[in-house]
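Below are the structure tokens for one structure; questions will follow.
Order of writing sets the chain letters: A, B, C and D. Residues in each chain are counted from 1.
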Amino acid sequence: MSKVGVLFIGALGYIATTVVAGSLALRKSLCKRTGMVTDLDIFSGLRLIEPDDIVFGGWDIRPGSPLESASTFFRNNQMLDPGIVSGIEDELNALSVNFFPGTARSCGRTIERMAEKSASGECTLRALVDKLRHDINSFRNNNRLKDVLVFNLSSTEPPLNLQHCHTELSAFEDLIGNNRCEAVRASTLYAYAAILERCPYINFTPSNAALIPALIKLAEEKDVPVMGDDGKTGETLVKSALIPMFRYRNLEVLSWEGFNILGNMDGRVLDDPENRESKILTKEQVIGNILGYAPHSKVHINYVPSLDDQKTAWNFIHFKGFLGTKMSLQFIWQGYDSILAAPLVLDLIRLMELAKRRGESGIMHHLASFFKAPLGVNEYRLSEQFRMLTNYLNQVNKT
Amino acid sequence: MSKVGVLFIGALGYIATTVVAGSLALRKSLCKRTGMVTDLDIFSGLRLIEPDDIVFGGWDIRPGSPLESASTFFRNNQMLDPGIVSGIEDELNALSVNFFPGTARSCGRTIERMAEKSASGECTLRALVDKLRHDINSFRNNNRLKDVLVFNLSSTEPPLNLQHCHTELSAFEDLIGNNRCEAVRASTLYAYAAILERCPYINFTPSNAALIPALIKLAEEKDVPVMGDDGKTGETLVKSALIPMFRYRNLEVLSWEGFNILGNMDGRVLDDPENRESKILTKEQVIGNILGYAPHSKVHINYVPSLDDQKTAWNFIHFKGFLGTKMSLQFIWQGYDSILAAPLVLDLIRLMELAKRRGESGIMHHLASFFKAPLGVNEYRLSEQFRMLTNYLNQVNKT
Amino acid sequence: MSKVGVLFIGALGYIATTVVAGSLALRKSLCKRTGMVTDLDIFSGLRLIEPDDIVFGGWDIRPGSPLESASTFFRNNQMLDPGIVSGIEDELNALSVNFFPGTARSCGRTIERMAEKSASGECTLRALVDKLRHDINSFRNNNRLKDVLVFNLSSTEPPLNLQHCHTELSAFEDLIGNNRCEAVRASTLYAYAAILERCPYINFTPSNAALIPALIKLAEEKDVPVMGDDGKTGETLVKSALIPMFRYRNLEVLSWEGFNILGNMDGRVLDDPENRESKILTKEQVIGNILGYAPHSKVHINYVPSLDDQKTAWNFIHFKGFLGTKMSLQFIWQGYDSILAAPLVLDLIRLMELAKRRGESGIMHHLASFFKAPLGVNEYRLSEQFRMLTNYLNQVNKT
Amino acid sequence: MSKVGVLFIGALGYIATTVVAGSLALRKSLCKRTGMVTDLDIFSGLRLIEPDDIVFGGWDIRPGSPLESASTFFRNNQMLDPGIVSGIEDELNALSVNFFPGTARSCGRTIERMAEKSASGECTLRALVDKLRHDINSFRNNNRLKDVLVFNLSSTEPPLNLQHCHTELSAFEDLIGNNRCEAVRASTLYAYAAILERCPYINFTPSNAALIPALIKLAEEKDVPVMGDDGKTGETLVKSALIPMFRYRNLEVLSWEGFNILGNMDGRVLDDPENRESKILTKEQVIGNILGYAPHSKVHINYVPSLDDQKTAWNFIHFKGFLGTKMSLQFIWQGYDSILAAPLVLDLIRLMELAKRRGESGIMHHLASFFKAPLGVNEYRLSEQFRMLTNYLNQVNKT
């Protein structure tokens, strides 16, 4: 059977690196499937692809190789077992042929400054899209792949101000044709190229420029499944489990303050207020949506290099109970962002491949539980989102 | 329309005091319904009784009056507004006529030592049960009540070792007849008396001696609704919201340690390892039941007088994710136990009265979300328990 | 014996209100001296003034009265005993005669916007200084006071960029004469007026415009004791106790992140980045000064209205130990800012009055332990600062 | 120059293993001196021995080798760099010749149960002491050592009830002669043997049976420096820095609750209430001693295997300030016990060798800052203890 290809945007980043290293480690039984949702019993009836069936590749704007990225990641994070990298060195090296220079076009100064190996140069948007389509096809042909999936794991871009030209497909195509660089970001171009090539597309970042309404329509037309935005891995995951409690108990949330500190590349990019704005937008909507009212609430993100990938988040929740009494709940989350994200990416690869095989198209609502700001879904409560997933599985199993 | 009576076991304790004071304050619009589940929109169609429709009374083994209890509670807990007590002094005083001496029979040394005003003396179990039934009837007749509900809000008793005689009704009645004091606790006698008098009965405490299987059968026979055990107000509430998250994400919980400190009467009684055992049993089962496996987990409870009613709980959760990486989540809960419990008791009064009116009997499974160890229910996840409640409401609204 | 007067800048703020209310409550034995440093045994030999010996007054830019301020403060902070206010209503009312309209001249937009009752108008700096001197003299004469002390308890101003004209007295006087409003802030004018009137002056705020070098020289000339900056009441207090531990153990601090949330007027003013800058400057210098090197460190302050005066601070300290191992310490401080500050203000009143009586002048180095950024002192370690205080007491007791 | 020998009691434990591994790593420049107090500038003038000058050996009651211990330690604690062990394998192996079977005589059931390789058998106390003296001399002669130091790093024994026979030297010698096993513990025999052999002795554990008064007298007679008890590495270190703050500010500590969880051998032994009692005794005295009064205070220690060496401690401090207002401070300490202890042991080796060389004898008061319960010292404040050390250094530098 031919294999399935996965192209990562941001392929040298920590998350992509962990997905690739973890996948190789799984093949060699160097680790278990802990953290993978699709390893739960409820998935046991399904035929999902296995790590052995996947070929990885991708784009990045920085120089480097998969092996270098993995070595850096494991060296900078004391909790990780360096034995894993040494056990998969050859396989990591072999992947380099599937790596292409990426583009940082219109990504904002902080990301553009990192783009030592950018493919964007001075060419037009149309030429850039063609280049990305060409990369996809090379990858597909060189590896004789049945299907290719594209995952956006790159740094958070500044928010894109959505207008009519992002809503209607023809207006969007004019925009590309007229080379209106200010109306797109790099993630838009990747998404456009992927969907044109009929590649299922996941936006694992908060960048709203990726799955704009026009491209979702295109995905529906082309029978391509897509989903996003922003993988739900840590603080927001906890919030989506906790907030319903206050609602169920009719306790009035007065304030919900969240302070995040982290030190990886994500932290560095989010130190720029412009990029941070995107992240905070996806992180903050969960509270009001679940509670039905908007308490005082702010999410703060700060760059603390010594933590590297170990995101630490303190949340202070002030609430009012009976007789007007004020009480509080605090939580402190200490998790490795990429270690938490990687198994979810593997899950999404398996579930998006399934959806493609089953002929599904457009927004994959049943994957809402994987995202901070699930596209097309108004349900933010973790338990109810998980129920959407199990309902889907029941339906799949019946057919 | 005639009113509904509510008799509290432990009527001078903090929870009962807060229910009574809160109820009077609601009648006078001195406070809002924050913290009351039955104030949520989903209950809006139902005809539930109002604070005005309730007459309070109860038993206690300590001397004192409702007004004294309320004054102590508000004085010892700086967060409370003393204006509330002064606004309801007369009403509190008027309640004294509905108070009866309680019994601490077979409740263990710590509780028995507190029993300055015990009604138990040297009389037989049968005589004690008769005395309690007589109290119920006096209360009913004096206040011309339609129905009387009995709520166990007393201190946690040591666990009762359940045997055949607690399972079969006839064996249980022999036990009473033979005056086998070692085979019951005070809570058993109250429950027996209440059910014989067809009073809906709630065990808001962890004491397993209250709703033993034989008495649940009796409740079914007599068309009496009952439910327990142990009101879910704080640490366990948070746990029942958080634990499913680890399961949904396939994160392996390695250890879950809970440290509770509190300084009220409950804290004092739980300082005795014998009584604490009951509490820890209801608190610890939630983890294994939700996860499906048993991580290292202990709940610790310690008496810290300066906190009075402000229970503070630290939970440390150690878990393993992808690539075997250890991570942690901690939470700190600072809540007033009685302030959290009281509105739930008001909810249960309203919902048990409804159940009685509707002719329901035996275990009220739909009330599982209110309890740490819900009788007859295997579902410990808060969201799923809440769904059980909404399903019930949908059914009621249809009929 | 004639009494001592104390004039507060920001006399209707929470701190001033708590000092006044606490002082009246002490006279009536409604509270104890907990939190007052001068109540420690080491002060027992000294003759310090008592609450009975003090007459309070002050300036504010907002309308209101001492009684209104006290009522608001006690109502908004559930932990406080409202009985205290009702016990001192008459005394609070009697103080109104000692209150003058204040000035917000050059205090930045956020403070100026609050100035409903400002005395500044369009007049010159010289006229403003004369007005303040006149207020001091009225207060002194009306109450037949031996001495008057001036305490700056007002909101934090934006930092003043110090230049030559702030260093030399004659240049400073030219600046006033030439009405160079952009080169002063309100706190400069108060300090200047106070020192000219030979009033001991305390800058309890971070505003660096108050005790500029030129005015310290003037204080030395006029035999006036002065001290500042910024009362050390909470997070920084804890830091000055904890940081030396890392130094003594040769543990390398990698990062020290501090997140402060609070909801009083102070919090509202500090929500303006301009004003916050002053505060963060005094808060951040303590780490580098004690450690001898500068780890990654940031102090964040955010306005969370529901907390009112209950400042809550989370500090995350990341440090490296033997074999390069990273470890962490976190602390969570939950303290009432004004309740912590007020007894220190009472201490400073007593110790500044003593200093004046003893003929001391200029910077009071021995009071370093009371301040976040002690003027003229390079010692930031709490224990060593306390030793400076006890050394001073030993000297005083000898003479 | 001949070298200095160090014999560890508990030589295969985590702390001893870290000292040895760290010392070898320092020789090879595989790590830095972070965490070593004697690396501070204030020690720069002194001639202290270097890692190169030390030969390690010791006793243990468990089978194993230094290499096995180090491998286990690094494997079980994800934060550690396994590269260190592989860099020193040969050197670790070479140390095996200096290892002797230890004794667990009268150490309580939990420790005795671990003693797979005990030397105690059925022999008399006198024979055991002779055996230990023989070990010391073999070690000294085989390695041609100038001096030998003995460090107790073994598991905490249950407390020994001190009587007359532990106070007077002749009574103590009778006790040994009469083979009164119930009146000693293993640590007593080690200390006795060490001092008889004129080996400086450090009790880094809370076991009070080690440096009993009779043996301190013997140390004075024999010109042997000794010190203890219980290395101050984590929670108590923080407390000794923080508690003075409450005293200096006259804030009344109401309650100080400490919860420790850890998963190493120390944690396993302390899970036995008998052994835990010793630890809690040394941990609890610091509060009352610094404050001058005894607030409600308890230290809890619980065994949580998944944490291994990463001790995690939550402390909740409830205190009262002005106007009777209750406030709180919490801290969470996450440190690796052995990583924190090892550099202090290296410091103590260097400073005890210096003391021996300088002819000092008996209790080394200037080392108080290294211990939770410093022998012969009433000063528990970290800063003041550190001052005792710097005073000593000043004196040494003068001579």
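Just so it is clear, a residue touches a chain if its C-beta (ideal position, glycine included) is under 8 Å from a C-beta of that chain, and two chains touch if they have at least 3 such contacts.
Quick caveat, the model's predicted, so the values are computed rather than measured.
Q: Identify the chains in contact with chain B as well as chain D, in label order.
A: A, C
Q: Tell me which has more C-beta contacts between its two chains, C-D or B-C.
A: C-D
Q: Taking each chain's centre as the mean position of its Cα atoms, how many Å separate chain B from chain C?
A: Measuring from centre to centre gives 49 Å for this pair.
Q: For chain C and chain D, let me know how many angstrom lie between their CA-based centres, rounded off.
A: 45
Q: Of all residues in chain A, which are in touch with two or more distinct other chains?
A: 78-81, 325-326, 330, 332
Q: Show which residues of chain B lie in contact with chain C when the two form their complex.
A: So the residues of chain B in touch with chain C come to 78-83, 332.
Q: Considering only the defined contacts, which chain A positions touch chain B in the complex?
A: 18, 21-22, 25, 31-37, 39-40, 79-81, 84, 237-238, 241-242, 244-245, 248-252, 320-336, 339-340, 342-343, 369, 381-384, 386
Q: Along chain A, where are the residues that touch chain C in the complex?
A: Result: residues 78, 254-255, 257, 259, 261, 296, 298, 300, 302, 304-307, 312, 314, 316, 318, 325-326, 330, 332 of chain A touch chain C.
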